[in-house]
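Look for subunit A in each of the two complexes below; its partner is subunit B in the first and subunit C in the second.
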Partner chain A sequence: MKRSYVIKRIVYAVFIFFVVLTLNFFIPRIGVQDPAERYYPPQGGMSTIEYEIIKQFTREQYGFDVSTFQQYVRYLQGLLRLDLGTSLRSGSPKVTTLIAQRLPWTLVLSVSTLVISLVIGLLCGTLAAWKRGRWQDTLLLNASTISVALPSFFIALMLSFYLGFRLELFPAYTNPNMVAQFDWGWGAIRMVFTNAALPIMSMSLGGIIGYSQITRNSVIAVTNEDYVITARAKGLPQATVLYKHVLRNALLPLATSIGMNIGGLIGGAIIIEQVFNWQGMGTLFLEANSTKDYPLMMGIMLFLSAFAILANLVTELLYVILDPRVTVGDKR
Partner chain B sequence: MADTVLEVRNLKVAFPCSGGVIRAVEGIDLDIHRGECAALVGESGCGKSVSALAIMKLLNTPPAVCRADKLQLDDLDLTHLPDRQMERIRGKHMAMIFQDAMTALNPVMTVGKQIDEIYLRHSRLSRREARQRTIKALELVGVPEARSRANSYPHQLSGGMRQRVLIALAFACVPKLIIADEPTTALDVTIQAQVLDVLKNMQQVHGVSALLIAHDLSVVANMADTVYVMYSGKIVERAAMQELFVEPLHPYTHGLLASVPRISDDRQPFVQIPDAVPHPMRKPTGCYFHPRCPRSSDQCQQRMPRLESLDHEREVRCWHPLRQPHEVRS
Partner chain C sequence: MSRPNVLLQVAQRGGSLVSFVRKLWQHPQGRLGLILAGWLVLVAILAPILAPYDPYDVTQRAAKGLRPSWQHPLGTTTTTGQDIFSMLIYGSRVSLMIGIGTGVALAFLGALMGVMAGYLGGFVDNLIMRVVDVMLVIPTLPLIIVLTSLLGRSYFVIVLVFVIFGWTGLARVIRSLVLVLKNSNYVKAAELAGASRWYIMTKHILPGTSHLIIMNTALTSAGIMVAEAGLSFLGLGDPTAISWGKMLAEAQGGGALLFGAWWWIIAPGIGIFLSVFSFMRIGIVIEEVFNPRMKASSSIYKLFKHLNNTYLDEVFRSMEEEETLVREPPDRSNAPTPEGCHG
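So, the complex of A and B:
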């Protein structure tokens, strides 16, 4: 029963990935003009033959010399070799190389953000549920209302201005030499984290409050369940009841939420990265977008989708371990 | 039988809420002797379950407010016992069986582990020893293949099996008192009988006193020695089981018994007590039952009758009981 569930999920994930990559290939092609027309609009002073040769050359260079279907087959062949194509930037770097350069920097931000928001969110949420209706709970409610109303870039700018420029606690924007100077030494690692402090703070705030809310609500819901009374009727100490019976069940909805958020981890926060001039995936995507670098955009999109699908798959499989009832629901 | 296991005096539970106070339990007295099974009977919403939770000290305070002049379990005085020490008593000296075994068992924990917990908490056993006791406990309540069933999750067991697990859980440490809160309500009638048998058997084998909470008099008839009839937060009648069935004294008890359908006379229409239990925030003046009572008089509307004892083992709270205190039984 469990094995069939796992196989089903994997097949489903592969299918979704195939649909995504197909859409990812065809959607940009609806809008794209012939690169030859785009780069070499008809102009005077050139013979028709010369002009046609140049155009043909350009088409070949960008792979537009064959039919769309053949292009699609080529694209798939490239993917099998883990080749996402070549960027239109000068130097024609591989898309995979560009992603590999930026990904670690985004991960520094997103993984720290996830860990911080989860740990603090869990603690605050449990506390608010425990102190339901008292000031701790009210504080969380008000904080979440405010944080919904405040856009993240505003928070980022405020942090940058007050903690960065005014108090000079952390760098207000990223040291432009950070990437170049990085050498895995302690000094370099410390530099990365001081530079990352403000972006992480701006990104964590929403996460902390989001996870707190989810935790609070599901802890309260679970606390009213009969089996929690059973656990208390067994004479278990409060802490054990909370840890083994309440949290264990309350974390199920949280796991779903984490799984969804992990998908977004590598996308990078476009706006936050931009505010602090952090050279991550978000900025890379923005650059690709503004220079109409289609292969790069497609490559990033596909990479992000693949990761999101993978993250969801892992969450679903993890659910089997977390909640023994899942396979039954699937069987029905 | 002077040997009292549970002695409750003047237990009161109230829930303050917006717009007033809900007085769920208004000063009840209970005495349960060693090895005895007492039943607390009444319609839904009359305060039975709340009383049970209050005796176990499982109500969350706040919001609930609990008061008792005396709460004595055997030689333990629980009246003012702090929560920490209460934890050591729950599960070991007093245990509870809940109504719906589906929701009363943790869905993400195997039933074995849930029973292990109670041994690990109250006795110095290793995990392995605890599991052995668990398997024994499951066998005792008639769970077949207990060793493998212990590794099942609650949703993998049938309703009857789950209820047996709850019974095993409650009897695990052989407590002094078991409180069973409508233990069979969520089950099919055929399974009900089986589970009641298990419960009765366990209670008698271990000589455990029990407080059985039920709204169904047929459940009570098979198990209880003494019956407390509760109405709107107050005890209205107390009697030995046999006597109650033969001669109910309170009009409410009479109504309850009359409303039990009988197979023998199928031409008689169902008897029912008119209206419903008063809303706990708008209880009537005088006797709470008077608006529904066929024998009510002016006196009933004005003053709440006291719980008066008739013979040594009977008490009734009524101005016009079906037999007056001075009447001598023939």
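So, the complex of A and C:
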């Protein structure tokens, strides 16, 4: 029963990935039929024959010299070798190389954001649930109402203004030498974290409040369960009830929501990275967009979708392990 | 206690648009939302009268980077000397137009897809739900950026892209409701009387889902306003228009942070905040009025889930669970499969 469920989920995830991959291949071809004319418009002082040769050369270089179907097959073959194609940048770097260069920098932001918002969110949420209806709870509710309506980049700008320019606590923009000078030394690591402070803060705010709300609601829901009432009636200490009975069960919805969010973590930082000029995946994507570097853009998209599919799959499977009550069936 | 079908009850509470507005008005939070939204709409319509200067006038070389004064309540930009207060007023037009326009278009598409998936079932249902699954894993913002760069950066394209990739949440929710409505007696009666499927879908099932559609329109409008601001902030909005997101980007680029011109950043931020806040309030209150099982205190949590396209699903799932304790609906095979996959 369980194994068939796992296999079914994996097959379905592979199917979804295949659809996404196909879309990924065809979407850029809506606009670009022949890259030759797009990237090398005819220049003065060039004969028609010369121009034709250049066009043919460009087509071969970008793999447009064969039919669309053959290109698709080639694309699939490349993917089997984990090759996402070649960027149109000068030097023709591989898309995977570019992603590998930028990914760690985005992970610095997103992993710290996830950890910070989880820890603080859990604490605040449990507190609000424990003090239900008192000022702590009301404060959380009001903070949520306000923070949902405030875009994260606006918060980022305000933080950059007050903490960066006014109080000069943290650098308001990322140090452009940070990536180049990184050498795993103590000073370099410190520099990364002072530079990352403001982006992480502006990204965590929404996460903290989101996770607090989820924790609060699930803690309250669990507190009303019979087994918690029994535990209290037995005379167990409050702390034991909270840790052993309430929190353990209340964490399930939180685990699901983390799984959902991890998928979006890598791509979610585009705007914040742009505000602080942080050299991560988001800025890489925007650079690709401004130079119309479609192989690079689609490579990043595919990477992000694959990551999201994987995160979803892992969440689904983990959920079955974490919560034995979840019945694993086809119908319900 | 014989428990009537909760969803049917909720569905039958729906009514005309006027009764919606009246119910909203009676709720203090809803009244706040309505007043704010109405005020913003008025500002947007009357923008040419209200704005003291022409916000598109970029030739005021002598009046660059002024601080707030009686002539220029929010000062002028450092780059081109545009009046920030006038820009703020004109910015409401873009935000509201994109937000409401996309919200309404999404409501149509989402309702159509949801009703079709739920009522027709079978192949159509499968197809639509697989498309929904695919859409859920594609990173939305990067995709929107790719498509706007391929198709052009006009607002028409932006709305189109938002609509194509935003209908999935509503469709899932509507589908869950339709699956229940489908088995109600009045739909059965209509089927026996020989009504066509299209007639039943539009005359009997769609009205039952109206409250959900209206609520969803308000909430998605709010979400789209934030998304549009983000897109404009990245410089990917319509280059000819003045929008709040673009104002923020200009403020950052024009050195507002450096010169300490905090009003230049705060003003568009408050604009975005007020518009999003008012529509959110309206959406949440509609939800509370028509579905009293949802407690006011947790509505924000639901909003977070709504932004993830998941929360109503969960609500219906929990309702269905309660309902199955009493009566097993005849058609279980089409029931939404929970499995915790997207919740």
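We take it that the second predicted complex is superposed on the first by the 314 of 332 C-alpha atoms of A that agree within 3 Å, B and C clash if a C-alpha of one lies under 4 Å from a C-alpha of the other, contacts with A are read in each partner's own complex, and residues count from 1 in each chain.
In this text, contacts are C-beta pairs under 8 Å (C-beta built on N, C-alpha and C of every residue); 3 or more make two chains touch, one makes a residue touch a chain.
All values reported here derive from a predicted model rather than from experimental measurement.
After superposition on subunit A, the partners subunit B and subunit C are seen to fit next to each other with no clash.
In the superposition on chain A, contact of A:Ala308 is made with subunit C only, not with subunit B. In the superposition on chain A, A:Ile300 makes contact with subunit C only, while subunit B stays out of contact range. In the superposition on chain A, A:Ala231 contacts subunit B only, with no contact to subunit C. When both complexes are overlaid on chain A, the residue A:Gly187 reaches neither subunit B nor subunit C. By the touch criterion defined above, A:His245 reaches subunit B but does not reach subunit C. Judged by the number of subunit A residues each one touches, C leads among subunit B and subunit C. Vertex at the C-alpha centre of subunit A, arms toward the centres of subunit B and subunit C: the angle is 70 degrees, rounded to a multiple of 10. Aligning both complexes on chain A leaves subunit B and subunit C separated at their closest CA atoms by 12 Å. Across the superposed pair, subunit B and subunit C both touch subunit A at residues 328.
Residues of subunit C that touch subunit A in their complex: 130, 133-134, 137-139, 141-143, 145-147, 149-151, 222, 226, 229-230, 233-234, 236, 245, 248, 251-252, 256-258, 260, 262, 265-266, 268-269, 272-273, 276-277, 280, 297-298, 300-301, 303-304, 307-308, 310, 332-333, 335, 337-343.
Note for the complex: subunit B touches subunit A at residues 53, 56, 58, 83, 87-92, 95-96, 98, 100, 103-109, 114, 117-118, 121-122, 153, 155, 166, 169. For subunit A in complex with subunit C, the touching residues are 16, 19-20, 23, 27-28, 30-31, 137, 141, 144-146, 148-151, 153-154, 157-158, 160-161, 164-166, 172, 210, 213-214, 216-217, 256-257, 260, 263-264, 267-268, 270-271, 274-275, 285-286, 289, 292, 294, 297-298, 300-301, 304-305, 308-309, 312, 315-316, 319, 326, 328, 330-332. Only residues 225-227, 229-238, 240, 244-245, 248-249, 252, 322-325, 328 of subunit A touch subunit B when the two sit together in their complex.
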